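So that we are looking at the same thing, I have put the structure below in structure tokens.
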């Protein structure tokens, strides 16, 4: 599963489509205010694009763009962005997640502060969902054993 | 809303659900589940829940099916029921 | 009398000849000038192609090209052109371009993007025409009472060079009713065809030539021809 | 197990069917669900949050805390997969 | 400001640090443990602060995002919540302190992700308890359940299967709960508990409400392992790693009972749950059956941890039956028993974890001569056992006393018999262990086990201290039970 | 009959729920159980989405004009009820998270026992 695919057609099509899929995912995240979509859907699409790359081009190609550590970092940072925005509101004197308090630092009226707060929150959701979706797919498709650890893999297969 | 179209989708959904749990090959069952999710997502788009339909299309019909396929390929296609 | 008449006639003839010569030389001059311009352009192009054949784009060029393309896609999707959304688009495009700038233009050479795009657009109507005719033929096969189909698998080695042209050819074959590309392995196409005629159409290699033309893989022959013609003209002029 | 499953699911289904008798008609614009809480979301989303898509404004603002929980659910699932399946650290430790 | 903002901080501190734990583990693996302890300490301080505020100033309302209740999500912290918050943060702090050594023995390579899920589990419990919104409760219920499945699946041989079975049944439970929420939303249009309580009385005749209530109850019963639906519990808790079972076993079932109390007495009025439907009758008999079944099955077990699991099932029967008796005294007893049971079960599983850590085995027959080898652990165990049996100075006695008093007042002699029977069985259960542990059977019994256990000495300090703190807490709660009842429990009992 | 026509969505959801529930309890194969779980959760989502529906020309829950007052004031009946949609987004997320954890546990078991059948695993444990 983790070895790159041999099929030249799938490989090339994936190569051409992945950047557009990624941009579309980001578009979905950013335009959740006006059209269907939002952080969650965009994050899933972004994670799916990385999964597509993993299937077609193999682990090394993906690792070059998105090392494991960065995946985990993004996953954590996404939730921290969300909770952190809430905490900022709390520190600015409002209740938790009361984005209208952000108007003090953003210099806009409360309604627009809420809108921007929603955008920030969606970004956080997008990061987390993207990282975690990719990570879950990676774990399930490889059984959690990285390509460098094939020896261990064999041991597991043999010993059960 | 168009009632007959609705009923057709609902029937497809039920058929897919029954097929998904009765087919004796896990890979086919998983694929049928993907089709089920897709019909469900059409149904919701029909009901006006575009956000939910979009999410379902990307999550259950997309990532969910991929995860199930990956798991089936990682384990086995054989099943007794 | 006759002599003077003859001389006059000869004079006239010479003058006409002279005029003709002047005109011919003028014509040749123009032709040469035009050719030399073309030649300059063609030489430029040849140089570009020859250089491009050796050097693919640098990472940064790829990045910029990807960015421009993605930005266009963003504008198409978004439809909002206020500063806020445009800056969001720029940021997103930069991120995506950074992440995958080596994907989109992996094997494309310098300087031929525009030509490829033009030729690709010109290729589409032809492909559509082929699809429609093949459609009718397959419909005839399917509807005729005896069903005279003769399924067969044909293999052929392709002369195409890059993966993108393989994929274009494979997908064009698959799009055309009656034929399906099963596999590409080691430059060998494996195609399933519905009957002998369809397979024969494929064997003429027209589609392959056209695909090769799109991706400028037959261009070296064509350029050679142009260069030859301009050389002949130049020699002609020197001879005058 | 098969008969038990059949019996239990039929009981649950019959009970749910019984519940549908008293439900408001399907798609009634004046059913309680559409007149109690949601009207505020529809009328005030533009004024209060400057976001025309109500689903987004409710998701991320009015009920933003739910969405924080939702993101945490996803995070939990990812960490669970890592805890259960990933084995890299173990290899290093085992070799030492 | 810190007092006003303490309610969300209880949850948010734990949540944010749970998410940050992988980052810290990335920097340095051994920083995780002090980090987790520190975080839970902070959260415990906040929850004690909140409890104090609630006792002195009454119910706290906190509006998430500044939106007023029916539209936004509201935290409502009354006496019951505040008590549960302190119990959850306190016991998870103790388990966190305790977890270091047992984790090193059981899962040496996976501490970072284990601690992340540990904190997420605590987040889930806290979020369930603190919220005043039925759907928000579902979200946090899922956080708690998912992390619970993962923590359980890391255990010994057979743990993944137990976790899978738990996952299937737990998902059924959560889905039933969600269906109940859907039915209530359909006829009222609201998700806020207080608002629902306002709107529902007009609809008490409706079949939709009846179905919703039934699905709530069945879903929650699945989560709390009420007797016929307990199949997942024994395997799951036996096979989980000891730190995980010490966290989940005391809290999961009690949090489910908390949800049941909320649904029965806050979302629905006591009038509906007690007078209109025969729910409490069913609950009373379910509780009695659970007590009998749990006690009998506990007797049949040879494995110490597994026996404790059946004791937990019997204890669930106490509380459900106590609510089922449906008078103020019995419900007071049930709520007090939630508190006592958290502490007692925590103590039992901590001891079980220490024994597993030292003996690598939890068969009862292996515990020969253990009193001599581990005097402090077994002293703590003795206190906990006495409390489970219900001997006066310990806290277990008082809740049982209220339960018996309540059922005598209601004339429910079967429940009294069940309680007494359970106490009797508990005496047999625990004295069997104490007997095995006190005398040296090694010479005549299995010499092999004796050889193995001979190197056993007292548990390490990081495991011993939490256990002794729990034992002390049992006695303290027993001594101060009157002030706890007057200050907290009396306000937590719904007005019937 | 009127009853069925007025509420056929609800009836279909009950049928789907029964199918999923049956698969979760009665099926022997772990992946089949997971599939049943997915169907069950989807059925509940269908139920919630059906609650949100309003007959009589209600459109998507996205504002097309922004006037709060005057003749173009926002009519509540014009837009679908957004709240159940929001809840169901969360429920979908929960379902995918549960799916991931369930698959991870199933793969763990396959690694140990080389089978996905419940009875065979039980035999192997004992």
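Per-chain residue numbering starts at 1, and chain names A, B, C, D, E and F are given in the order in which the chains are listed.
Heads up, the rule we're going with is that a residue touches a chain if its C-beta (ideal position, glycine included) is under 8 Å from a C-beta of that chain, and two chains touch if they have at least 3 such contacts.
Predicted model only: the values in this text are computed from it and were never measured.
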Return the chains common to the contact lists of chain B and chain C.
A
Chain centres computed over CA atoms; the one at greatest distance from chain C is chain E
Chain D-chain F separation of Cα centroids, rounded to whole Å:
9
Can you check how far apart chain C and chain E are, centre to centre, with Cα atoms defining each centre and the answer in Å?
74
Geometric centre distance via CA averages, chain E-chain D, whole Å
25
Between chain C and chain A, distance of the C-alpha-averaged centres to the nearest whole Å:
40
Residues of chain B touching 2+ other chains?
50-51, 55, 59, 63, 67, 71, 74
At least two other chains touched by the same residue of chain C: list those residues.
none
Two or more partner chains touched - positions in chain D:
16, 21, 23, 31, 33-35, 37-38, 41, 47, 52-53, 55-56, 59, 61, 63-70, 72-78, 80-82, 84-87, 90
List of chain C residues in touch with chain A within their complex
66, 70, 73-74, 77-78, 80, 85, 88, 92-93, 95-97, 99-100, 103-104, 106, 163-164, 166-167, 170-171, 181, 183-185
Going by the contact rule at the top, pick out the chain D residues touching chain A in the complex.
47-53, 55-57, 59-61, 64-65, 67-68, 70-72, 74-75, 77-78, 81-82, 84-88, 90-91
Contact footprint of chain F on chain D as seen in their complex:
1-2, 4-6, 8-10, 12-13, 16-17, 20-21, 23, 25-29, 31, 33-35, 37-39, 41-47, 52-55, 58-59, 63, 66-67, 69-70, 73-74, 76-78, 80-81, 84-85
Chain A to chain F touching residues, read off their complex
34-36, 40, 136, 139-140, 143, 156, 160
Help me check something: in the complex, which residues belonging to chain B touch chain F?
1, 7, 10, 13-14, 17-18, 20-21, 26, 29-30, 33, 36-37, 40, 43-44, 47-52, 55-56, 59-60, 63-64, 67-68, 71-72, 74-76, 78-81
